[in-house]
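Which chain is which? They are A, B and C, in the order written, and residues in each are numbered from 1.
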Amino acid sequence: MDLQFFEIIPKTGPMFIGALYTIFVGVIACGVGIIVGTALLLMRNSRFWLVRKFVGLYGSFIRGTPALVQILVFYYALTPLTGIDVGPLTAGIMAVGFNSGAYVAEILRGGLSRIPNGQWEAAEALGLSKRKIWFKIILPQVFNSTIPLLVNEFTMVIKITPLLSTITLVELTRAAQILYTETFRPVEVLLVAALVYFVICFSISQCGEYLQRRSVKYRL
Amino acid sequence: MTFDYLAIWDHRDILIDGTLKTLLISAIAIPAGVCIGIFVCLLRISNRRLLRWPAIAYIEIMRNIPLLILLFMVFYALPFYGIRLSGLTTGFICLSVYGGAYFAEVFRGGVEAVPKGQFDAAKALGLKYGFYMRRVIFPQLYSYVFPPATNIALTLIKESSLLSMITVAELTYAAHDINGRTFTPVETFATIAIIYWGISIVFLNLTSRLQSRIEMDPVSQQIAIR
Amino acid sequence: MEPAKMRFISLTKALVASATALALSSPVYAQTVLEAVTASGKLTVATEVAYPPMEYLEDGVVVGYGKDILDLIVADIGVELEQLQLPWDGILAGVLGKKYDLVATSVAIMPDRVDKYAFTRPLAVAETMLVKLERDDSMSGLDDVNGKIIGVELGSSQAQEVEAVDAELKANGSAGFADIRGFKSTDDIRLALASGQIDIATIPSFSLAAMQNQRPGVYARLTTIGSGTVFAWVAHPDGVDLRDRVNEALEKLEADGTLAELQMEWFGFEMEIPEDYLPDGAL
């Protein structure tokens, strides 16, 4: 085992910039995912059969096809079909965001089912509008109870970002690829990349546990 | 705006080969992952630190790094040390090892969900560890672990698409291949998306039927549960 | 607060709907491609940076024979250059989709491509070369490749040439290649060969010098296959005027000897570009 970390250390700058990109994309994509997921959750209760069916199909498609394929379809199909021209960054964030949204919707659905019926009844008895009930009473509780799962979802988002290297987004994995093809030292470079991913994901899950401990205060 | 599906039909043999390869990979990696998962789970719940900590480390590593990095490490880095595996073998190993960690966590959750009384009663009856784990505890796990385990299995089927990045001729690779010959990315990628969708729907259908079968046949469980 | 949130939700629904709905709205080009380029003062090109010495990355910057020529051409036309680095996968589909004006990467002129795309004058001529590790003594010619693992770039014209050779070998009763592995880029192929993952790499002949400069003593030429490929840049079939303008600039560079100079610099030899490079039926 002849590991030569010294050779690659000076060149790891782009890799850490890539790591920042990864986190950036991850955060924004997660945000998109939460918005999409909440929207899907609300759409599930729609009066219109078509909307409910759409939500079902959307979830089935996203959870039934590989993320890589979704990213490729999104990136190559978006322009010819809709005429909107987006770069790899935007396309990547949107693809990952829409992917995450379906999973977030499932998580929130699980959280929603645990809200006691009494909450709904009391809120209606108090004369609150549907909008207020959702946004002031129900959703805060749903998000609170599903924090660990949402944090887990964020970890999943971070682990999807390497796939964006196939549409040339220079995040951590792509930066690692560029570096090891230049230096012919894939072992060292990939170990560094793996370490960075591990640190990112592990810190996120630790944050999640901290948040969960804090949120116990709000539990019913 | 024309969709050139004829081009894909001309190359349907590449697609079929790719689909079969994907199914083959999943058919081998999933059971292997389950076996690794069972083994690691046993280590994880062991009372001996020496056995527990490597298991914890393994699980945490696999759960916090992307599968792609693992694939690249095994495929591109190992050959520098003389170990030259084909893309397919690399894929099997990485998928099983990666999935094994997730299976292990699910199984552990299942074991912890079994009432402690079961363990106490088994020990009180003088049953040995190997015996009561196999005959008393494990049968009770089925209904608990089946749904999350099928989820992990489905994830592995989808993650097999990453093997296209290490030259395995599965379905996503087939799409890149056809695209390279016909320059129709929209049609090829949409087609494989639909094929994957179909595979997942069939898989979920089969497993939900399997699940109701297991729940309807509690003969072996009745003895153990109450 | 409430109406704003409802609008937010509607906006999200609209976003989700529009992204998944099949809204057919193709962009209409009122000007020709060349006019659009000169009017905006910017030429947008797409390059796959994995083909030394034509176009490749050095310290994160695109360099190469192709890049130098590109710089000279945009100076000649009088516009700015915007260079996108994209994977080979959708690069031709992208120019058809008018995501960019020109594909400034080495595209092989092939009979089934000439009526779909507007090819410029050739940039380079090359043969498909099989490369092995220098220290590998088990092969000295095309007859020794049976049972070896060969790497190609997935979806490239070289991949099809390798398949043809494989079919020929098998037709003659030999075993053929043990496995033909398709990589996403030539970078990956070079790395796989260096690590021993594959026995033979498939590259265009002009890449050999660059590879050997990068890693001296590692690679050695095995043999060449196929009948030679002519590489050129590609514009949209409607962008014939842009293609003609680029050809004009290229002809100027050839006339004043700049091309020959650059060829010596990047290849170490002068390349002869054939006059009749486009088969019948080309744009």
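In this text, a residue touches a chain if its C-beta (ideal position, glycine included) is under 8 Å from a C-beta of that chain, and two chains touch if they have at least 3 such contacts.
Computed from a predicted model, the values in this text were never measured in an experiment.
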Interchain contact steps from subunit A to subunit B (minimum; 1 if touching): 1
Identity of the chain that, by mean CA position, is farthest from subunit A: C
For subunit A versus subunit B, what separation do you get between their C-alpha means, in angstrom? 21
In whole angstrom, what separates the CA-based centres of subunit A and subunit C? 34
From the C-alpha centre of subunit B to that of subunit C, how far is it in Å? 37
Quick check: what residues of subunit B touch more than one other chain, meaning two or more? 1, 76-77, 80, 165, 185-186
Taking each residue of subunit A in turn, which ones touch at least two of the other chains? 76, 80-81, 166, 177, 180, 186
Residues of subunit C whose C-beta touches two or more other chains: 24, 26, 89-90, 93, 184, 188, 191, 195
Report the residues of subunit A in contact with subunit B in the complex, numbered from low to high. 1, 60-61, 63-70, 72-73, 76-77, 80-81, 155, 158-163, 165-166, 173, 176-177, 180, 186-187, 190-191, 193-194, 197-198, 201-202, 205
With touch defined as at the start, can you tell me which subunit C residues reach subunit B in the complex? 24, 26, 88-90, 92-93, 96, 116, 151, 154-156, 159-160, 179, 181-184, 188, 191-192, 195-197
Which of the residues in subunit A come into contact with subunit C in the complex? 14, 35-36, 38-40, 42-43, 58, 75-76, 78-83, 85, 94, 98, 129, 131-132, 135, 166-168, 177-178, 180-182, 184, 186
Touching residues on subunit C, where the partner in the complex is subunit A: 2, 5-6, 8-9, 12-13, 16, 18-27, 57, 60, 85-87, 89-90, 93, 97, 99, 184, 187-188, 190-191, 194-195, 215
Subunit B residues touching subunit C - in the complex, by the definition given at the top: 1, 75-77, 79-80, 82, 84, 86-87, 165, 167, 169, 173, 176-177, 179-181, 183-186
